[in-house]
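Input: structures, listed below.
What follows is a pair of complexes built around subunit A, which joins subunit B in one and subunit C in the other.
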Partner chain A sequence: MTQYTAVHGEKVSLLRVLGPGHVWALGVGIVLVGEYMGWNFAVGKGGALAALIACWAAGMLYTCVAMIDSEVTSTVAAAGGQYAQAKHIVGPLMAFNVGLFLVFAYTMLEAANAITLGYLVQTVGGMAGFADTHDKPFIVLTIMFLAFLNYRGVYATLTFNLVITAIAFVAILILFAAVSPWTDNVLKPHELLNGLPYGWLGVLAAMHFGMWYYLGIEGTTQAAEEVRSPARALPLGTMTGIITLLIAATMTWYICSGLMPWEYLGQAVTPLFDAARLTGSTPLMVLLFVGTIFSTLASANGCINDASRAWFSMGRDRYLPQVFGAVHPKYRTPFRSIVFLVPVALVFAYFAPLDQVITFSILSGLLEYTFMAFNVLMFRKMWPLGTIKRGYVHPFHPLPAFVLLALCATTYFAVFLGYGTQLVAMMVFYIIASVWFAGHRYKFVKRGAQFTMPWPRPVGH
Partner chain B sequence: MAKTPYQPPQQSKFGQFVDSLFLLVLVLAALFLPVYFGLAGGGKTTLNLPDASWADLGQNATMAQQWEKLGYTPQTAHELIATRFDYSFSLPALLITAFVVIAYFWLVFRWSAKEYKDVIAERFDR
Partner chain C sequence: MENLNNFQLLEYAAWGISALLGLWMLTDMIRTNRAHSEETLLSSKEGEIEDSLVIDPPHQGGHL
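For the complex of A and B:
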């Protein structure tokens, strides 16, 4: 199936050039930065042990997400990922909301990456004797450079991501080996772990930032129109991605909680780099500096890719102004969507504190995962197994959907503990946007064109 | 009976510009106003701890050693150690928040189902 741009009707489509490795790099590339920064705020909310429990509980949440997503995406292989799924399974207003969830989860994550990169350059500049180094120019440069790279082409962008993601992952493996976790020469978990300072309520609260270990893995689906074999590459790339992240997350926790007091770890901006500093090894510090920079770049790069695809898809379907549905005639990228989202990322990266930017991203992700649980239940009911060709069928249905819903409910409560105002503010935003779509924007949407898959009529409709 | 496909109006360039601007303002306002007015962020409290020594701050010898490697003294680490989240909350606030989230999903699913009927009718009843 070839999709065309909505603006002039010219036959310009996205290029099908990506393999499973690129899908893995897109998913892990976006998320691996979660090991380099942000996850440790879970330590601040509940202590180190609570963060480990949250790491595994969130791992279960994302395993459910990956299982569900692999089935639906390998069947609804269209740009926009979950947005395209909502269009075919639930309806236009839900699709519009899901599109917004995706855009804001990724754009805020991109802003968080730029903040971390700027902070790290400032810190290392100070350590190297450049006390006047300022983070803001690096924040702006990062966002502008990566937006330019995305503007120029998807293949070069994701190949770049594949290389730097692999380097960032290897850096964690090397640090893990270097601290000799099988001895207590470097790591001192027995002397640094202090139980649960907030009790079991802290464990619940830690789920909020526990999601940060994995947030964005579902972004693999955004490349659905640009992979050569969606039915094979999307499940393979997504499932290997979540396995990679589970391993990296557990190693990261073990290294950091064995090196830092929890009060410091819970507020650190660059915990893995700090872990390298505490080993006293200059090569490790350089390696983790490079790893942190690469992971933030890979993540921001993937976020721009995913957010712009979701925005582009909504423009192409006229859920948003049609101008955003254009593909660049030469570079074959959604260039207007890429450019439009740059100021949003810049404003947040420049002015907002890191934990709050991360919270905005997490909240959008959480709303998206809640949708995914309902979505897969409806999908199986409307097109039972055997009625349409699926690239992958996830096992134990409907258990993953119910586990996902239960974990999402827990995480809403975790966000409420400490960040309730932001939760309500986000809901107000989505309600206003929904009213705007239903009352104004929907009149520009071609009804029948929302369903493009060659499937039979859904059961019950 | 075949249903006549809905023909949406063509939106002018000015209309598209206004919609784009509205979205940009809505995004920035809704996401940034809580930060600007200081409503966002975790509810925090401060423990009453003296900062004369690491022991006063509840830090053992290993912890103290790591703090010092990171460039901290008991005085500079005091704020980091003494600041804690305040997890006290009111039940009505929790119930209202839960209601807002559930009502949002319920309304979006209901309204989407209504729109989806038109989509399916146009796609399959031709």
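For the complex of A and C:
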């Protein structure tokens, strides 16, 4: 491949090469690991039925997120996703906070995925009879390999995600067909379901982990500056993504809760793989193991893509040091942001406990969704329908925004029940970061140049 | 070396590949920073639809 040398006056930008399939792979790729592991802790909180209620309530939350996101991002076609939306619609302090929510949510999720992958390889080593195996080399390799892939170009990165995510999704479909859900030969839901052992409080507590079925689908917006047709590809990729996840989540619940008693399912590490083992079929076991590995890889890969775009956008507007706003002239990726976030992910993956890392990610995501509800209300008020061109208009406004707010409030309470200290600690962190931004960093921001959208003046301004 | 089992070899390989990938990214980043001006590297603008002024034409269209 020839290295071209830039001459004076030339510009480099991110490369517009992605289609709706890549957007789907980015969103579903980040999330699908939640079907393979994690969602089942909701069963431990309130029983299998509570996990199903949480699955659909969280599904409603994320359907609102996807619809709202699709409308706003089909208009604000810029890397940074919700950060860019906040900058244009709410203001700089909100944008700074949303940018941090994004970077932390994705970097923590990347670390959690790397920890999981290291654990899986270590487990395989143990099962193969090797003593004294370690997970750390594989944690580090996961992060370094995926950062390398991201560094070399977005097209290859998300095509890789498309292939491995599709395989992981098809593995769930095959398992669902293999357990013959239309008969009671394999699945025994009538024998295993036991109502709500902890009542409706258990359902509320299950909401914390119900989010795992879908956490990260909103990451599709980060591709806004790299898709060929933002107004078409982003809504199409995001909406097909949430439909895929709703199907995969419900199938996963039906397979697992029909095969395992809730006492086991509620604390299983790899429930879908365990379900395949219970069928007694070796090909299914291999398929679901591959699916587990691929879904974990796809999630970490998408997280690196999204965190680096958010960090890059903030650097480009000087919300952070401007050096992070650089684009690689050959690979056309935000290369400095990708490299900078590698040691951050390594530190968390190497030293932090898995549940703390995931909780930090979930809480950052929740803060982001709360912002999105307010954001869309302001967006429709300031730029009503007809004043600017939208690639997608979400229905029933403002109902989805209010449903989203109500579900976010419920989930905050659910997280508070289990991780109250972390919730407070994280709020304190974001308040301190906001004070730093307002008092020190804001004077460096390119105030005029940051608003690039060719929109008319907002109503009332 | 005779005490090493296959899994330990795999672990050393993982460390080695990680180090190589990290070194490659660092080296390329330093070389890129030296080969191009900051003005060029930071020339990206938010939400640009027009891609006509970019360098590296073979990468237009995403052919791999």
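Just so we're on the same page, the second predicted complex is superposed on the first by the 449 of 461 C-alpha atoms of A that agree within 3 Å, B and C clash if a C-alpha of one lies under 4 Å from a C-alpha of the other, contacts with A are read in each partner's own complex, and residues count from 1 in each chain.
We take it that a residue touches a chain if its C-beta (ideal position, glycine included) is under 8 Å from a C-beta of that chain, and two chains touch if they have at least 3 such contacts.
Keep in mind that this is a model prediction, so the values were computed, not measured.
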Contacts of A:Phe379 with subunit B and subunit C, given as first, second, both or neither: neither
Contacts of A:Gln322 with subunit B and subunit C, given as first, second, both or neither: both
Winner by number of subunit A residues touched, once subunit B and subunit C are compared: B
Contacts of A:Leu417 with subunit B and subunit C, given as first, second, both or neither: first
Subunit B versus subunit C as contact partner of A:Phe138, first or second or both or neither: second
Contacts of A:Trp24 with subunit B and subunit C, given as first, second, both or neither: neither
Interface residues of subunit A shared between complexes with subunit B and subunit C: 322-323, 450
In the complex, subunit A residues that touch subunit B: 44-45, 86, 90-95, 97, 104, 108, 188, 191-192, 197-198, 201-202, 205, 259-261, 263-264, 267, 274, 277-278, 280, 318, 320-324, 340, 343-344, 347-348, 351-353, 355-356, 359-360, 370-371, 374, 412-413, 416-434, 436, 438, 441-448, 450-451, 457-458, 461
Subunit B residues within the subunit A interface of the complex: 5-6, 8-9, 11, 13, 15-17, 19-20, 22-24, 26-28, 30-35, 39-43, 59-63, 66-67, 69-70, 72, 77, 80-81, 84-87, 89, 93-94, 97-98, 100-101, 104-105, 107-109, 111-124, 126
Residues of subunit C touching subunit A in the complex: 5-8, 10-12, 14-15, 17-18, 21-22, 24-26, 28-29, 32, 35-38, 40-49, 51, 53-62, 64
Subunit A - residues contacting subunit C, complex: 1-6, 8, 10-18, 76-80, 84, 125, 128, 130, 133-134, 137-138, 140-141, 144-145, 147-148, 151, 153, 155-156, 159, 224-225, 313, 316-317, 322-323, 325-330, 332, 335-336, 338-339, 342, 450, 452-453
